[in-house]
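In what follows, a single structure is set out as structure tokens and then discussed.
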Amino acid sequence: EFVARVSGIPTMAKLPFQESTDGLDAAFVGVPIDTGTSNRPGARFGPRQMRVESAMLRAYNSGTRAAPYESLMVADIGDVNVNLYDLKDTCKRITEAYRKIVATGCIPLTMGGDHTISYPILQAVAEKYGPVGLVHVDAHADTSDVVLGEKIGHGTPFRRCVEDGLLDCKRVVQIGLRGSGYSADAYEWNRAQGFRVVQAEDCWFKSLAPLMAEVRTQLGNGPVYLSFDIDALDPGFAPGTGTPEIAGLTPIQGLEIIRGCHGLNLVGCDVVEVSPPYDTTGNTALTGANLLFEMLCVLPKVKHY
Amino acid sequence: EFVARVSGIPTMAKLPFQESTDGLDAAFVGVPIDTGTSNRPGARFGPRQMRVESAMLRAYNSGTRAAPYESLMVADIGDVNVNLYDLKDTCKRITEAYRKIVATGCIPLTMGGDHTISYPILQAVAEKYGPVGLVHVDAHADTSDVVLGEKIGHGTPFRRCVEDGLLDCKRVVQIGLRGSGYSADAYEWNRAQGFRVVQAEDCWFKSLAPLMAEVRTQLGNGPVYLSFDIDALDPGFAPGTGTPEIAGLTPIQGLEIIRGCHGLNLVGCDVVEVSPPYDTTGNTALTGANLLFEMLCVLPKVKHY
Amino acid sequence: EFVARVSGIPTMAKLPFQESTDGLDAAFVGVPIDTGTSNRPGARFGPRQMRVESAMLRAYNSGTRAAPYESLMVADIGDVNVNLYDLKDTCKRITEAYRKIVATGCIPLTMGGDHTISYPILQAVAEKYGPVGLVHVDAHADTSDVVLGEKIGHGTPFRRCVEDGLLDCKRVVQIGLRGSGYSADAYEWNRAQGFRVVQAEDCWFKSLAPLMAEVRTQLGNGPVYLSFDIDALDPGFAPGTGTPEIAGLTPIQGLEIIRGCHGLNLVGCDVVEVSPPYDTTGNTALTGANLLFEMLCVLPKVKHY
Amino acid sequence: EFVARVSGIPTMAKLPFQESTDGLDAAFVGVPIDTGTSNRPGARFGPRQMRVESAMLRAYNSGTRAAPYESLMVADIGDVNVNLYDLKDTCKRITEAYRKIVATGCIPLTMGGDHTISYPILQAVAEKYGPVGLVHVDAHADTSDVVLGEKIGHGTPFRRCVEDGLLDCKRVVQIGLRGSGYSADAYEWNRAQGFRVVQAEDCWFKSLAPLMAEVRTQLGNGPVYLSFDIDALDPGFAPGTGTPEIAGLTPIQGLEIIRGCHGLNLVGCDVVEVSPPYDTTGNTALTGANLLFEMLCVLPKVKHY
Amino acid sequence: EFVARVSGIPTMAKLPFQESTDGLDAAFVGVPIDTGTSNRPGARFGPRQMRVESAMLRAYNSGTRAAPYESLMVADIGDVNVNLYDLKDTCKRITEAYRKIVATGCIPLTMGGDHTISYPILQAVAEKYGPVGLVHVDAHADTSDVVLGEKIGHGTPFRRCVEDGLLDCKRVVQIGLRGSGYSADAYEWNRAQGFRVVQAEDCWFKSLAPLMAEVRTQLGNGPVYLSFDIDALDPGFAPGTGTPEIAGLTPIQGLEIIRGCHGLNLVGCDVVEVSPPYDTTGNTALTGANLLFEMLCVLPKVKHY
Amino acid sequence: EFVARVSGIPTMAKLPFQESTDGLDAAFVGVPIDTGTSNRPGARFGPRQMRVESAMLRAYNSGTRAAPYESLMVADIGDVNVNLYDLKDTCKRITEAYRKIVATGCIPLTMGGDHTISYPILQAVAEKYGPVGLVHVDAHADTSDVVLGEKIGHGTPFRRCVEDGLLDCKRVVQIGLRGSGYSADAYEWNRAQGFRVVQAEDCWFKSLAPLMAEVRTQLGNGPVYLSFDIDALDPGFAPGTGTPEIAGLTPIQGLEIIRGCHGLNLVGCDVVEVSPPYDTTGNTALTGANLLFEMLCVLPKVKHY
């Protein structure tokens, strides 16, 4: 018996909704905030809209021949209950929620929310797995010390992660950086930590498959977190985001990065900064939902035909 | 402990989702079709979008002092699984689904879908309750015999209902009719059945509270179905619909009609023809969600402060 | 045999297209300019979009019981070929085109275009009929002498008409004026010509049927031109226009004005200032198309049931 | 020499920009935050967009015959520099900025921003003038004690004002309240303080001129603050806001309220909750800009023709 | 004498409208349905909107030096009159209409409409020419046996064509396939028929000119039909479609495919699945109109400079 | 002390506004017209919207390591006061305004406005510097003699420039041309003048860095003007323009062209044809603002890290 794609409560990829991670190998989970954003808000509605646009995601990935549901138990476990009026309290809530998710080895596939959330998520993840490698796809480095007078926000999560020892800095790569910044020296800190930094300019006109082969070598067998800021993509493809920068990656390159993570020991993934009020074409949420499905398809143990 | 309005799977009014009507006094249910529409499609996404826009609906109605959840058990029971390629098969599926819903006395609050659906819903409702009275709010009479060569569609449901004896024709009122039609005599049939017909022109500049007092008298104590085509409202307020007609009712008048049904023996309600692709302001789905909440608030046995 | 409303070349109201006015009692004609506008452009696409949105206009007016095609021959005769780079040349082209249209007594129902066009249209109309009475519905008086240093533009047409003797000033009424202006004395000139001026404030909360009874008395049996600037309507209902002013007329009042012209000796009508790029809801073009149909329905000799 | 309305840096109403209030009788000032909002964000861009949409505001008010610039010196003094990451710090910044504005008797006309801002503004205003009367136009009471666990936010400003003694509670009127709430008793607190509360239902179908006559009597000669939450208006007219509620006031009623404040001793005014990302028609910012201009026109000492 | 591009009834490319194919070498024709679609509707308005967006298409193709109107007689012949309530009846109507179009050798350039229509079109085409070769550009194979319980729909046309012997299977190429599907084996059937299948992944970063050289060799001199589902293109360029899939072809590659068909014996072409309600940028209809013009430019006998 | 990006009057890149060019090395200036456009209008709002979208442009260019404000004094000097009713008068006003700007050697960075404006700008520029080289990026040649019967318009500026001797024709390059035109011979004139013409087809799939190396050689050390019509870019990236043509340049290629001008003796730059009413994603104005910032970064004497 068929089920019309248009029918039903909008869970991610039309998966069952359950409140706990009992029995799950991986779980889609939303973190609906935008109070860490410095320009356009709206990412608080990212989880809701990615769920809505995920209705066409079916069971088999024709591009990679992955069939994730044939080997993994997956569900949509809803959203973290955030505090829109206190970003630091929200961070605590996130860490607590993720502690429970990762406790049993369930892999969280997070629907953001602004990029602030990767910091408290990584606190829980690193508690479980120790310092992790990181594939960070973004137009921005997000390693500022202070933005607009504050330590916590979407411009600072990976600075905080380094300070807290959550990252294995030799196993960190940042891809897609570009645009304007406050000063020249703001671009030195991450390199000084040992991050590999791949500017967008180094990606133009190119398949990123060769880059990802190098990344796999660099990151090896240890635990890896994959964090994908949708603004890494060119705003022609993903206009619905808070701090768009022109001349970015294509969705094809986005898929190459994610597919290139196949073989890594992924312990968590996120897609952040999808801002539906600015997503006038609907492509941004559609793309975010697809990226999350592709992340699911490269998790360890997923069956491929 | 608070729950952020922006958080969680989008069920209607943030109610719990459950698959059956067990223990429920009333249930929100979606019927996601638009294959009965003659002009602009899109109403298949009405249920999904009304759920999304319902997030601000809280427990207490400040205008009427109703507190529906203090006396009724209510949930969102998801959508009927429709057949987008066969409207007649869809109609069968709807009737079957509603037989189960009404079997235990649960009152369905339907999120359409185009207006075709009221016919199969009323088949199930009249099987349970016998011929029912009808409050039909619409820009159109929806009593054509044949539209574009077909008997089943969003222009014919109440003709079919009369033919099948589902309506108690002396207890039928139609409110908001207007616009252009194919011929002068198309407007006679419904009056000939005994319907009370209130043209939009008769509503202009006026409170509809006096009209509704008359309607309550006319409809008495018998079972009543309330069917609200969102195109009854002026497209300035509800642009997201398939066959908009200018110079319609205001949302205020819409509330007066629904609130004026308080005291009637309502056995089912629907809001139909919300077409999200044309709802560029978002007001149509927001209005539809509010009308459904107001319908809940006038069901028999709802507590009022 | 039915014809699907969605099918066919988009002529006005799905009427036949013909190049000349041969045999026609009335003709829809477009004048696609916006080069007379002082703020937002876009009205050049008014005719095209009103045609597109006219697809649901059928043969019978259920509100007034008019059946215009049962007594009049009507067609869509396309657009005047305008010169977008020379407004004065465009004016000449319009006058020439309308001379031909009115020569045989065919009544032009014009789809604008910005309000500049009423001046050259009235040149042709007054050549045929002598000075005419005018029902001018607008948020603005459009009787400036000079706007931005120029005599010809959408702020000046009726000043020019008076200067050229095209209007019978005692038989002119302006309805819906409001908003801010450059100075207090700019509002005296039209009253000084003998125009009746009805501010929007005088229309608030009221049926305009009584006003129109007075207007019919004032305008008597002589030839009358009806010019409807869509910005007369509140931008909540008609956002797609170039110089919107809040707190305007409702579409209901718009219909009352037009329906209130029944019995007048109408020799021409226009709906102007519909600007599709700003018509994000689609209601403005829909409303414009409906207003034009209602104008057709009040032309002399139209059959009413 | 004319100036094209489309030309120039977008200041409010094309007024000069100056950083200080030196020599000013009144000043337009922006407070670009939305971090106090509980549902849809975006009001941080309200000041920018109201400036953009204000380009057609000219010097003379044709509805009231006010000519504000003939008796008052007015400028746009830019925005308060807010802290998007710390709402309480933002509140301090606002109070400090407004202390300077009101110090010389300059009357601030504030472009919000979410409604949180009225609290710190009133702190500065009441420091200058003592407890003030308040005309509060809103769909919501904004007198909650705690929202989502926090004391400061857009649901609590007037509770905080009362607690701090900033309001003369017998001279407070709230107009336009409606919609759903968390509980019945949430609606008692404001009445208990002595506020006059006018539900939206009490405004339906009516001119508010008689109400405002009573309000003028109630508020007398003491200092009065006017706070206009754009969500008081029906979302059909003002869709661009964060917590829309259907069946609200019309822009006409909005003008009647503001014009009805003529004669009061206004010491400050604001228009808040304009959220451009949701303002798909552009009408919300246009309306907000017009309301601000109308507020300017009823300030003490404004010349009327 | 010039003609303003903004002026006139919107026919395709401003061509004359005529009802029959008398004297025509090629004809643009619309098939306005979306009742075969499984997700987002709206393609019923594809023909209308492609006509609207075609206004800038002039006589000479600067990229290929083709001047189609110098050797071919071409017109817009309007739309097939479809039955929106019965997809199978619509199919019969299409086949009948196309029998007449192809009878005299006129080449139909079809504006869809969802992809269902290619099946009944090919019935008429193969009746005239025998089994044809096919260049099928699409994100999807459209060779399912049954979708949602039905044999006829936009997911099955080419399965039906093969079953009916309308295709010369060794001369079929499918380009652009990608995305998720119901199962791995769904992707085997078309290859088993002998189709050449080019996944989108095989097109990434590449000119498709070499591919098309191979295609020309494969397809030889026999009759060929070209069917272009707009969802073959990346939704960044063509968001207005019903089942978008990310990481698709670029418009440049689309042009290369069509231009690469020059020299083939094209007997019919279509552009399908343009859904205007989702085409928020307008680019989808604009692109569809351009693709149709490019198809015209590669028809046999077109003059090239 | 930080400044929130969302705060303040929207000047270009949040630069100070000043009326004169005193002390400036470069100045952003707007020319808000669209009366030279032949299809979709709206470019009159280009300057305003590029200012609005420029808020995220910070001081340091991470892609090129340019820090323009460390070596140049730059401000936003507002808009030329245009005459929307007389394009020729506007041209005079532009030339006069630019004479003053260039008099002191200040380099104008122009925010258009339709492409007509480059002609009167170049009149002032060539008066100062003699005939200049030109890098002209556009989908169209803009070298028609007469468009729609007129000599002045957005299709003719560079024809007029050549006739007036403003260009050094051997040092002119046009990049990105494509689409349809009125006839084959319209494409010969510019080549006959000695222009280098690079069709869009010659740019597909390629980095334009090698092309720009050749361009630098061709243009040498003489003064160069850079004119960038946003329609050069593919409408997938820049939908907000008046005469879009599919299959254009990417923003990456746009940056390569501008960055490839580093080392040339630039004396003026413009970005034209940004039409906000059609910029539904906001990307067009965002892109335009970024292109202008990149132009600033390649001016002579800009510091690079």
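Which chain is which? They are A, B, C, D, E and F, in the order written, and residues in each are numbered from 1.
Operating definition for what follows: a residue touches a chain if its C-beta (ideal position, glycine included) is under 8 Å from a C-beta of that chain, and two chains touch if they have at least 3 such contacts.
These numbers were taken from a predicted model, which means no experiment stands behind them.
Can you tell me which chain lies farthest from chain B, using the average of the Cα atoms as each chain's centre?
F
Would you mind working out whether chain E and chain F touch using mostly the same residue numbers, over half shared, or mostly different ones?
Shared-number fraction below one half, so different.
Approximately how many whole Å separate the CA-defined centres of chain C and chain F?
40
Calculate how many whole Å lie between the centre of chain D and the centre of chain E, each centre taken as the average of the chain's C-alpha atoms.
Computed from C-alpha means, the inter-chain centre distance equals 55 Å.
Chain F: which residues touch two or more other chains?
Counting only residues that touch two or more other chains, chain F contributes 2, 4, 6, 38, 44-45, 83-84, 147-149, 205, 234, 236, 278, 280-281.
In their complex, what parts of chain C are in touch with chain F?
By the definition above, chain C touches chain F via 34-38, 40-42, 44-45, 83-87, 89, 147-150, 152-153, 277-278.
Okay, in this complex, where on chain A does chain E touch?
2, 4-6, 55-63, 65, 67, 205-207, 234, 236-237, 250-252, 254-255, 280-283, 286-287, 290, 293, 305
Note which residues of chain B are touching chain C in the complex, please.
Counting only chain B, the residues touching chain C are 38-39, 147-149, 177-184, 186-187, 199-201, 204-205, 234-236, 239, 243-247, 278, 280-281.
Report the residues of chain C in contact with chain E in the complex, numbered from low to high.
Touch list, chain C to chain E: 1-4, 6-11, 17, 30, 32, 44-45, 48, 51-52, 76, 78-84.
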